[in-house]
Amino acid sequence: MALFQSLFGMLYQFGDTFAFLVIACAGLAVIFGMMGVINLAHGEFIMCGAYVTASLARVGVPLPMAVLAGALAAGFVGVIVERLVIRHLYHRPLDSIIATWGISLIATQGVLIFLGSTMQGVGTPLGSVDIGGRFYSIYRFVLMGAAVGLLGGLYLLFYHTRFGVIARATIQKPQMAHALGVNTGRMYGLTFGLGAALAGLAGGLYAPTMTMVPTMGATFIVESFVTVVVGGADIFVGAAPAVAILAFIKTGLTAWYGQLFGQIGLLVTVILVIRVLPGGLSGWLKGTTR
Amino acid sequence: MTDRHSSLFAKGLMAGAAMALALACPAFAQDGPIKIGVLEDQSGDFAAATMVKVHAIQLAAKEINDAGGIDGRPVELVVYDTQSDNRRFQEFMRRVLQSDKVDAVFAGFSSASREAYRPIVNQFDGLAFYNNQYEGGVCDSNMIVTGAVPEQQFSTLIPWMMEEYGPNVYTIAADYNFGQISAEWVRQIVEENGGNMVGEEFIPLGVSQFGQTIQNIQAADADFVVTLIVGAAQASYYEQAAAANVGLPMASSVNVGQGYEHKRFNPPSLANMYVTTNYIEEIDTPASKAFVEKFHGMFPDETYINQEAANSYIAMYLYKQMVERAGSTDHDAIRAVIAEGDVCFEGPSGNTCLDPQSQHMSHTIYLAKVGDDHSITFPKVWEDIKPYWLGEAGCDLTKSDPSAQYTPSSPPPAQ
Amino acid sequence: MTETSNGTGSSQPRLAFLRRLEGPQTMGRGPLFWGAAAVAVMIAVVYPLMADAWTVGNTAYFMIWTFMAMGLGLVWGYAGALSFGQTAFFGLAGYTYGVLTLNFGAAYGLTIVALLLSVALGALFAVVIGYFMFYGRIQGVFIGIVTLSVTLVMETFMSQTAGPQWRIGEARLNGFNGMSGISPLTVPWPGGDLVLFPGPILYYVLLGLLVLCYLGLRILLNSPFGNVLVAIRENPHRVGMLGYDVRLYQMLAFAIGGGFAALSGALYTAWGQYITPSSMGLTAAALPIVWVAVGGRRDITATLIGTLAVLYGFQALTIYGSQYALVVMGALLLFTVLVAPQGLVVAGMNLVARLFRRAQR
Amino acid sequence: MTKLLQVSGLCKAFGGVVVADKIDFSLSAGAMHCLIGPNGAGKSSFFRLLLGEHAPDAGTITFDGDDITHLRSFQRIRRGISVKFQVPGIFKALSVRQNLEVAFQSHLSGSQLEQTIHEMLEFTELSHVVATPAGVLSHGQQQWLEIAMAVGVEPKLLLLDEPTAGMSPDETRKTGDMLNELNNRGITILAVEHDMAFVEQISKRVTVLHFGSIFAEGTIAEIVDHMGVQEIYLGTVDDG
């Protein structure tokens, strides 16, 4: 029984970390992988999704609807931001880092000024379940399911829909796509919007488990970056294995040495991966399979 | 929303230059105003807990001015927003002392910010009030600490919890000075009372996911959990622990009283939480009720009046008393008053007195219990709990001023 | 862009390096520019006689940061590698200075030695990181991510050193709260050591150091080394095909930039007698980028003026703009990137030059 | 006569794509040699292998008597290989003079540097634009500037990748004259070229590359007569 307990415990922790990394990084990965833009306002899109979700849930909107609305709201903001700012910076990736940092400053402080320093959250739904003498939050299992669904959904979207194919074509050969009559500007806008919406979804999904403050996005951002870098430029090939490896490293280190080493382990992994595999996991996987 | 805007606008006006409303009363003595610098975080990470401190100081200043000022001189506040950034504390501490030439400074939320400005206060021989509960140990004659310290909060809380729930204790603490030192106090007091530490875990600042920690706690068979976690991200623990049905009583010296988590989180995630604090707005005494009423009279949409707000308010009146007794704002004269050992104030939190050896305060410590619906009850109140550790360890500011911070593991050098 | 000097004639070989004070890699040349620069320095010299003590100390404090900014200008603007982690070298040097002075005290000019050692250690660390990155063929935005990771690892690590076991000699690292009680810079002086508390003396020392570093950087940038750096920014592949070891040049530029960041770090620690892990955190790491971007990264003069202007501006905003300061800062960044991508100071200098030319016509 | 460049058994494949298939190739000192072949024949890859931008899977490269197979690019350049790329690899933000300085300053300084810059400016007729940013030069001038950058280091071997791509017939002829002059001064030249008229103007011998291996080698007349070469290559060239 004790063996089952600790085995299941490990598995649960792994799944929990896996879900967090997938959900946190999806939006950043789409924007970085598809457009080469490092979005430092990623955390603020997450905060936007969380705030909208929590506000709606507290006036009685069912949580799934509220989460969806949070994602849509963040996506909508994303489309506007792309049109006003990001669009002018595609050829200047370093400048887009600065611009998104500026957006992040404005968003965090703006929310603090207009909505106050904190907001009442929504409670975690669904209660808990007793497995082998330990209690586990059922909502955490929902998050794991959502992570797997998210990976599958993104795969289907980008490989089996017209939008996905055109989007990938646009990103790989913009001039060619343009010549073929694709409205490349709109594709970029939609892709950025999708990335922002995924960030909003992350905020919505985690809103019931976290403290609602304007800086809440910051707790996601380091982990998101780590995952994207380890995954490499092609997120569809690299993200899932990257998340699996990182979740394994983090779970292991946290379980045996505590939270600090879980954190440091992640960051050291990034540095090592970049040194050994400059193209990230996806670059390495593609290099060996071609 | 419009209310909020207008009060923000008013704050903006006040923060910039001298406070107009403080100057509104005309009949003051010749000496000119007594200037008090206010360096608090009105934006950034800590704003949630510190905006109210600024309001408390403004409230006290208004009351004092309405009643004729300090020794007939009006109080003038010089307020800067330090943005939760240690560097701003350094810049603005220098500014208030050197350029604005204030007579005293009320400054700082995090211990890091206090340590950032302390060398500057020492260099210019300023007088700074630190109005937070903190890890304790600052022995510096330029500092007056009005917040509670671990020995006051844990020597009351831990034995009570052990008697009520059992001897097995699990501590989770933020992995920095406050958490480490507080955890050390908990450990020591648990052992002194014949209890048993079944687990102790330190959480890096900024961590928001507690899956592993919750599992460890469930596995440890603790009777109660001491939560010494800090910051918005770490506060996510409560929601996650409730969702996983940890179901253990909790004890803390920092949550509720400072970040009013019981107001922000949905019930019952903080149910069965016990906190020792020297003040929270639910305290049911006439003095406290009057204080809350006055506060809301001036700041109608104040979210929560926490212990730091009360401490800041008390500190203003303490300073008033010291200046009036000393007959000047001169620091040596003020220290002479402190050395008399009877600087006390009967305020919203009950009677508090300033200890001349450490320049920390004795407090009435309230044990607050969070109910299932997040309402607060007070199962126990201890009166006149003294900040004994520094004095016992050998800090005596009436004799010498080491300007250092000590910890139980590195106490003052033996005389 | 026209050029006149740089290599015409080779008289006075002993002072040949002085000719490199002006050249195509740096804006400003000719008697007008140097006249203006001399006037600026003169004003800076007499300014403490007229200003109050706080303003002088505050200006000295701002000057401390310009070294890190100029170092980043070299790495990012000239060598084309956006480092998001200059604060790693800043912090390392700050802690080194703290540990050294807490252990060995301030007598006999030891603080000066500590300062030099801190800068050397910072530069050495930059060599290691630079070797790791450039010899590992890391490029573009990934340099930003690696350097950011380095500084965040250091912040995370230093934040948890609160326990008593974390000490180096006499110096407790003291975790998140930071190390305090550090000696200010102390110069041995006949008739009693000169303690450089923030005040006029420190101001003049820093001003001298700043002028020295600025002129030194100008010479470096207009030297063959600077030429190659700019060429690498433009087309690293071609530079390799001209027989240069591109990685070595990038690593050296990175080391110099790290050394400058380290100088800022050690000076900052001496100034405030305090250093904390948050000076290596995300916000702190982003600030140098903001200064350099807003001022202008492709020119060292613009970087210098821009950094001072942004520091003054942001502080003034914080004093008078209260809560809105951070919003205005963010908006300023957006404005710069969208409207004046080469930086506000560079845009301003170009505008002045254009008006001047038109007036002459 | 000793061989300046000796390539033997050079192989390189990317996944399933073979870009160099056991290439044996040599070049005598003082030669002026052209490398031709249809698109995808492996010409550029061969250059990259010679320059050390790709590591070969097998084979050796010997230059001037030394094995350079495992040297890094810049080390090969320092031994006397120089290259001019198809797309002008000049530094557009730098002036013409600075471009030349960057190219030469690694081994020249002071008056020597001045003199070489002066000579190269004369040689490429760029003296009148010395202070112009290279990015605003005409296409032909950019190509010449890059030739000057490649030549000023006094290489033993000059590699040229389609030196006349995008040039007018007039500019092409002038470029041909320049290269002949350089060859006369003793620089060995290996050029990849499409324009057969230009190949005839400059080259004594020609090598045809096809699917990563050497298909034919000989004088220009022999190659033009070679039936197979016409099939794989010349037939596809519209303006041959």
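Letters are used for the chains, namely A, B, C and D, taken in the order the chains are written, and counting of residues starts over at 1 for each.
To be clear about the criterion, a contact is a pair of C-beta atoms (placed from the backbone, for glycine too) under 8 Å apart; a residue touches a chain by one contact, two chains touch by 3 or more.
Quantities reported herein were computed from a predicted structural model and do not represent experimental measurements.
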{"item": "Shared interface partners, meaning chains that touch chain A and chain B", "value": "C"}
{"item": "Per Cα centroids, the chain farthest from chain B", "value": "D"}
{"item": "Comparison of B-C and C-D (more C-beta pairs in contact)", "value": "B-C"}
{"item": "Innermost chain by mean C-alpha position", "value": "C"}
{"item": "Centre-to-centre distance between chain D and chain C (centres being mean Cα positions), rounded to whole Å", "value": "43"}
{"item": "Chain A and chain C: spacing of chain centres that average the CA atoms, whole Å", "value": "34"}
{"item": "Rounded Å distance between chain B and chain D, as computed from the means of their C-alpha atoms", "value": "75"}
{"item": "Multi-chain contact sites of chain C, meaning residues that touch two or more partners", "value": "156, 160, 323-324, 326"}
{"item": "Residues of chain A engaged with two or more neighbouring chains", "value": "109, 112-113, 218, 260, 263"}
{"item": "Junction residues of chain B - those touching two or more other chains", "value": "8, 43-44, 175, 202, 204"}
{"item": "Parts of chain A lying in touch with chain B, wherever the complex brings them together", "value": "5, 9, 12-13, 16-17, 20, 109, 112-113, 116-124, 126-128, 134-137, 139-140, 208-213, 215-216, 218-219, 251, 254-255, 258-260, 262-263"}
{"item": "Contact set on chain A toward chain C in their complex", "value": "36, 38, 85, 88-89, 92-99, 101-110, 112-113, 218, 222, 225-226, 229, 260, 263-264, 267-268, 270-271, 274-275, 278"}
{"item": "Complex contacts: residues of chain B adjacent to chain C", "value": "8, 11-12, 15-16, 42-44, 80-81, 83, 85-88, 90-91, 94-95, 98-99, 111-112, 115-116, 118-120, 123, 175-177, 179-181, 202, 204-205, 403-405, 407, 409-410"}
{"item": "For the chain C and chain D complex, residues of the former touching the latter", "value": "1-3, 6-7, 10, 24, 224, 227-228, 230-231, 234-235, 237-246"}
{"item": "Chain A-touching residues of chain C, taken from the complex the two chains share", "value": "76, 82, 84, 132-133, 136-142, 144-146, 148-150, 152-153, 156-157, 160, 282, 286, 289-290, 293, 323-324, 326-327, 329-334, 336-338, 341"}
